[in-house]
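Chain naming follows the written order as A, B, C and D, and within any one chain the residues start at number 1.
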Amino acid sequence: MSHGVALIGTGFMGKCHALAWRGVAPVFGGVHPRLEILCDVTQAQADEFAARFGFARGMADWEAAISDPAVDVVSITTPNGLHRPMAEAALRAGKHVWLEKPMALTLADAQAMAALAAAHPRQVTLLGYNYLRAPAFQAALALVQDGRIGTPLAFRGVYDEDYCADPALPWSWRMTHEGGGLGALGDLGCHLVSVMVALMGEVTEVTAMTQIAVPQRPAPDGPRTVENEDSALALIRFASGAQGSFATSRVARGRKCRLQWEVHGSDGTIVFDQENMNELWIHRAGEAGFTRHLTGPDQPDFAAFCPAPGHNFGFNEQKVIEARDLIRAIDGGVPCGPDFAEGVQIERIIHAMARSQGRPVRMEDMKHDAA
Amino acid sequence: MSHGVALIGTGFMGKCHALAWRGVAPVFGGVHPRLEILCDVTQAQADEFAARFGFARGMADWEAAISDPAVDVVSITTPNGLHRPMAEAALRAGKHVWLEKPMALTLADAQAMAALAAAHPRQVTLLGYNYLRAPAFQAALALVQDGRIGTPLAFRGVYDEDYCADPALPWSWRMTHEGGGLGALGDLGCHLVSVMVALMGEVTEVTAMTQIAVPQRPAPDGPRTVENEDSALALIRFASGAQGSFATSRVARGRKCRLQWEVHGSDGTIVFDQENMNELWIHRAGEAGFTRHLTGPDQPDFAAFCPAPGHNFGFNEQKVIEARDLIRAIDGGVPCGPDFAEGVQIERIIHAMARSQGRPVRMEDMKHDAA
Amino acid sequence: MSHGVALIGTGFMGKCHALAWRGVAPVFGGVHPRLEILCDVTQAQADEFAARFGFARGMADWEAAISDPAVDVVSITTPNGLHRPMAEAALRAGKHVWLEKPMALTLADAQAMAALAAAHPRQVTLLGYNYLRAPAFQAALALVQDGRIGTPLAFRGVYDEDYCADPALPWSWRMTHEGGGLGALGDLGCHLVSVMVALMGEVTEVTAMTQIAVPQRPAPDGPRTVENEDSALALIRFASGAQGSFATSRVARGRKCRLQWEVHGSDGTIVFDQENMNELWIHRAGEAGFTRHLTGPDQPDFAAFCPAPGHNFGFNEQKVIEARDLIRAIDGGVPCGPDFAEGVQIERIIHAMARSQGRPVRMEDMKHDAA
Amino acid sequence: MSHGVALIGTGFMGKCHALAWRGVAPVFGGVHPRLEILCDVTQAQADEFAARFGFARGMADWEAAISDPAVDVVSITTPNGLHRPMAEAALRAGKHVWLEKPMALTLADAQAMAALAAAHPRQVTLLGYNYLRAPAFQAALALVQDGRIGTPLAFRGVYDEDYCADPALPWSWRMTHEGGGLGALGDLGCHLVSVMVALMGEVTEVTAMTQIAVPQRPAPDGPRTVENEDSALALIRFASGAQGSFATSRVARGRKCRLQWEVHGSDGTIVFDQENMNELWIHRAGEAGFTRHLTGPDQPDFAAFCPAPGHNFGFNEQKVIEARDLIRAIDGGVPCGPDFAEGVQIERIIHAMARSQGRPVRMEDMKHDAA
């Protein structure tokens, strides 16, 4: 089955989606996206990127793009404030939605979006939690789910970068609640939550502290106040009885994409760091130490990219797998996620962290609270 | 000035102290310990170890050993339950005390010991927090204190081992409150606290969760209950305004001595892992990434052991530095620590963690509470 | 300027070229490949892959494909024995040629191809030495060329894999001189030579030893003899006066893509390992140790793929840069390499190694010898 | 049985021997060295170090020290030029000899020493190849010898440091043939040979190139010529049929003690780097990758130092094991090595490398040549 695609946005994630839509058929075969509409802010830009990205047409009017009859799926890669109106328009137009994270700026927005998605059960929604697609991550997840490290006892997770570490970095709207949501929790923390929930299951309680390391930043008219979080630390209780620690920072000097986690099981331990995303470290009871398992065709989905182990899988290629999962979900009903319903759970967790201020917050209460 | 030494205990730490007392003069020069009495449970054993460890005499009666006039300093390396009576006897006999951690089984005991030490201000007390002596740690500490990574913003600390990971490991008195104190928090956590406080300064609040991963363990008469903690996770507030995460486990499969920590400063980051204790990882603003600084004569105290960089410093050698610090404190009044007063602060922190059960505990309240 | 592309082959490297041709315009912009013909062994397969890879037409007749007027550039990814006839046909048809390595099964073939290329100076030839394109490699090369590590004194290079380590791996034509050329030297060693020559300049002499670790392998009709090299070791003299060591193996258990090298300069050292191709390790005089430089937008070409550092670059993406380089060479005369002339030098070096048998072989003599 | 010890020298290796003699009884028990005489250049220095290192007497006359009836074993840690006269005096005086490497400045000297040792078969000789004693090395050796990685096929060895990398380092007698012997080959290369021969067995042929990276160095009276090697590269043939590569440098910027080697076996690979001497990396056929085996009580001799795994073993502690091995050899006839006979083989190999100049040198010829 062929699927008409509209892609909205041509920035970091826009290009990443474009490469995914271009690569998914060559890599996997058996999928048939038609790259119909590329949507950017002006017609000229849209036309230019349509030509460059291999889309049939450029359009500046995203509402028209979404409602275009040639379009079956909409890739939304615009600034966070546009996620809700675009995703809702797409759902209402009967389209499948592939939306970058975070879902929205507020929890209420995210919940409204999930409610609308629930009302359109035949349309697939998928959020861009791409780190779930790395072959090493998928391999780790399979080990956990198959009980290869016994019962998961503890999770230790970190997602640190340093893109805001320099205090001379100018103030921007990304540093406000309204424009940038929860800061590091929204940019980075939600990715770590997606990974944590996939590995460990349902979260029942969080206790968190947050920090604004650089309270004011230079702006043309003098220093302005940073509103959202530079970093957050949390304790986690899981429904399974396991416990976890959680940390994220956008001011961690020298860290570039340190999405690093460990799962401690009763019979083994798995360790991963996205900065070396082709290495999975596994220890199982009785072994002499941790074994470095390089990404190769023995890990999920890698063989479609390359038949040779140790030939590195790249960040962008995660998105190709994501595109394939989306198409499979549309075609065959193979569930893929996180969809909007699961996305709301992720949002609840980071919002609970933002609210905690050192006190335990039960996830059950977040649900009622925001209902 | 020469100092007569009595060493009580010949186990893991007993041998470690013996090697330190044997090595300190050759390594550093200018120090003059006289190895007078080796104390073990029977006279035969004491004599045997006295000969082997190079002590002049063996004794089975520790009280006599402590009060022996030839003795100026007492090394106490016995099981935790004997720490208080031995340390107090030594203080009362006018001796300097070098005591292995944890100070005591209960916070009340530790506080009583500190009170007694305060009443003997001319006698030096030193607790065996040996990880503070590693050249790489000392180098890191100097970087932090000299402001080389700017203002410390966050601490991330872990101390994981797996010595209790196997559920088939038999029950022992170490797994009871009375015999083993706080479990992983007492065995491992207190070391991590010693490091954290040295790097980050005073702790004002902790919030912790603990876990007993293996609730019952085999005993000759059937399964018995494990009372103390297999693992703990905590959030930390520092007086400086910095925040921290803290984790320790004795059931972390594959971890052997993972005392791993990071200090995030406004201008740089330092990372260390005791399993590779000769590597210090440093990033400072403007550099391309983390630099691996191998232990060498440019780090404190290493040159006395070896003039060549990259020639590994070992675990036992930490204790030689500790012995030198103790002697210097006795001779010249150069303060060294943690002494009993600082040790109580460490104990308060781990006891606060043990009590927290997910609620914030102010360290101020621990002080009042236990006073 | 737009360029019509024919791609011959759909295997490991065929798919890799397809992804490169698909990705090069979205990634870099300003390039305009037209994917005209996909060539495979049967018309059905060719049609299927043309649809999947996004080529306009499928063809089974490679000679027709090459001579097709819509085609400007030919990507050749077929088995090594077909490299010469296809490349020569393409050159004779006036087409630019992008050829996978090794150039050919024999040195004579390679030299003939280079001679033909020399006779078609307006057509670009490019060999698929993709490891030269990794951003970390390009960054390293720039450091060397800019004198940032002073005068290069020594090269240490290894390329190890284990795809033939299992003695139960059946015999195949790849293990014969006729079908598989020089074995590990041809499969892996030539890549390492490409890297070595780029970093260190002209080679004047090699001394090598080779080994067949598994002399016979199972075949349906009984054990058959392996003719070509499982591994090789060599000493290298460079025209600059620098010296080098060189090692390659296809039977190195546990190695997957260990193309690992060091350049020792008078003022610094650079270390790289393709298994962690996003890490470059740099030490410069006066620094405390080696710094880990993660691939990011500060390394050549990465920003076009991703604006964020530490977000891993992948093996396949090297080929996208290669495609861009080829197009730039065609369009603007920006030289790119290794072309066929440089490729012959690489071939001479590995053939010299294969012949050496422990005696020094002067590259000057290889030139005369094979002329 | 008790053994009287004389130690000659108090520098880097002198202190290292002193610590070994002090530590060997506490660590291992069952050994009884008596520290009789400490020998240094003046009586005052000798007395001072005797007191500091715990020896009974200081002496300035090494010949008297060696012939003293209280002395059974002589530790020789003086500059290389004194090795032969001291070792020969000790042998003639009926003493056991523990000699630092390299044996002597010339091969002829080494051979004369070995001949004399052969004439005193009841006296033990031991050369200070301490890297053979690291628990991780011993564990690796056992794996190789027990066939756990199958048949050894190849050795890759490097020993790099950077102590002469700075061209501003002043000229010294260590840079002459007469005073410093073979340079990097003598300082570092012989250690790597000791490791290589232990792991791989007899060497039959070497082919080497050497390099003087800094031909002249500053001296008070103007630049002076460096005579011996800054680096060397070699190819090795082993009697077993295995092949090896070998590299050593004293001008490798950033390398501090990189004695790094790999053994490639038919069924597995072992990798070690002395800069992280507590990590052994092992891959065996069928495993997912390399496993990091931290030094612990499951490796030879470590338990005597520390019962806990992951608690780092140090460089100096290697020498404690060496002392124990020497005593065991004296007491019980347990052979230990390399003795002078084996030491000559090591010397032959590095001298063959120094002579090779790119041509194969058969070890058989070295034997005849120097006989």
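Keep this in mind: contacts are C-beta pairs under 8 Å (C-beta built on N, C-alpha and C of every residue); 3 or more make two chains touch, one makes a residue touch a chain.
Predicted, not measured: the structure shown is a model, and the values here were computed from it.
Student: Could you compare the number of C-beta pairs in contact for B-C with that for A-B and name the larger?
Tutor: Between the two chain pairs, A-B has more contacting C-beta pairs.
Student: Relative to chain A, which chain has the most distant C-alpha mean position?
Tutor: D
Student: In whole angstrom, what separates the CA-based centres of chain A and chain C?
Tutor: The mean C-alpha positions of chain A and chain C differ by 35 Å.
Student: Let me have the rounded angstrom distance from the C-alpha centre of chain B over to the C-alpha centre of chain C, please.
Tutor: About 54 Å, centre to centre.
Student: Distance between chain A and chain B based on Cα centroids, please, to the nearest Å.
Tutor: Computed from C-alpha means, the inter-chain centre distance equals 42 Å.
Student: Where does chain D touch two or more other chains at once, residue-wise?
Tutor: 255, 287, 289-290, 294
Student: Provide the residue numbers of chain D that touch chain C in the complex, in ascending order.
Tutor: Answer in residue numbers: 149, 153-154, 156, 158, 165-167, 205, 207-209, 211, 213, 231, 233-235, 237, 243-245, 247, 249, 251-255, 264-269, 283-285, 287, 289-290, 358-360.
Student: Okay, in this complex, where on chain C does chain B touch?
Tutor: Those residues of chain C that touch chain B are 282, 287-294, 298.
Student: Within the complex, which stretch of chain B touches chain D?
Tutor: 12, 15-16, 18-19, 22-23, 25-27, 29, 52-54, 161, 163, 255-258, 274-279, 294, 296, 305-317
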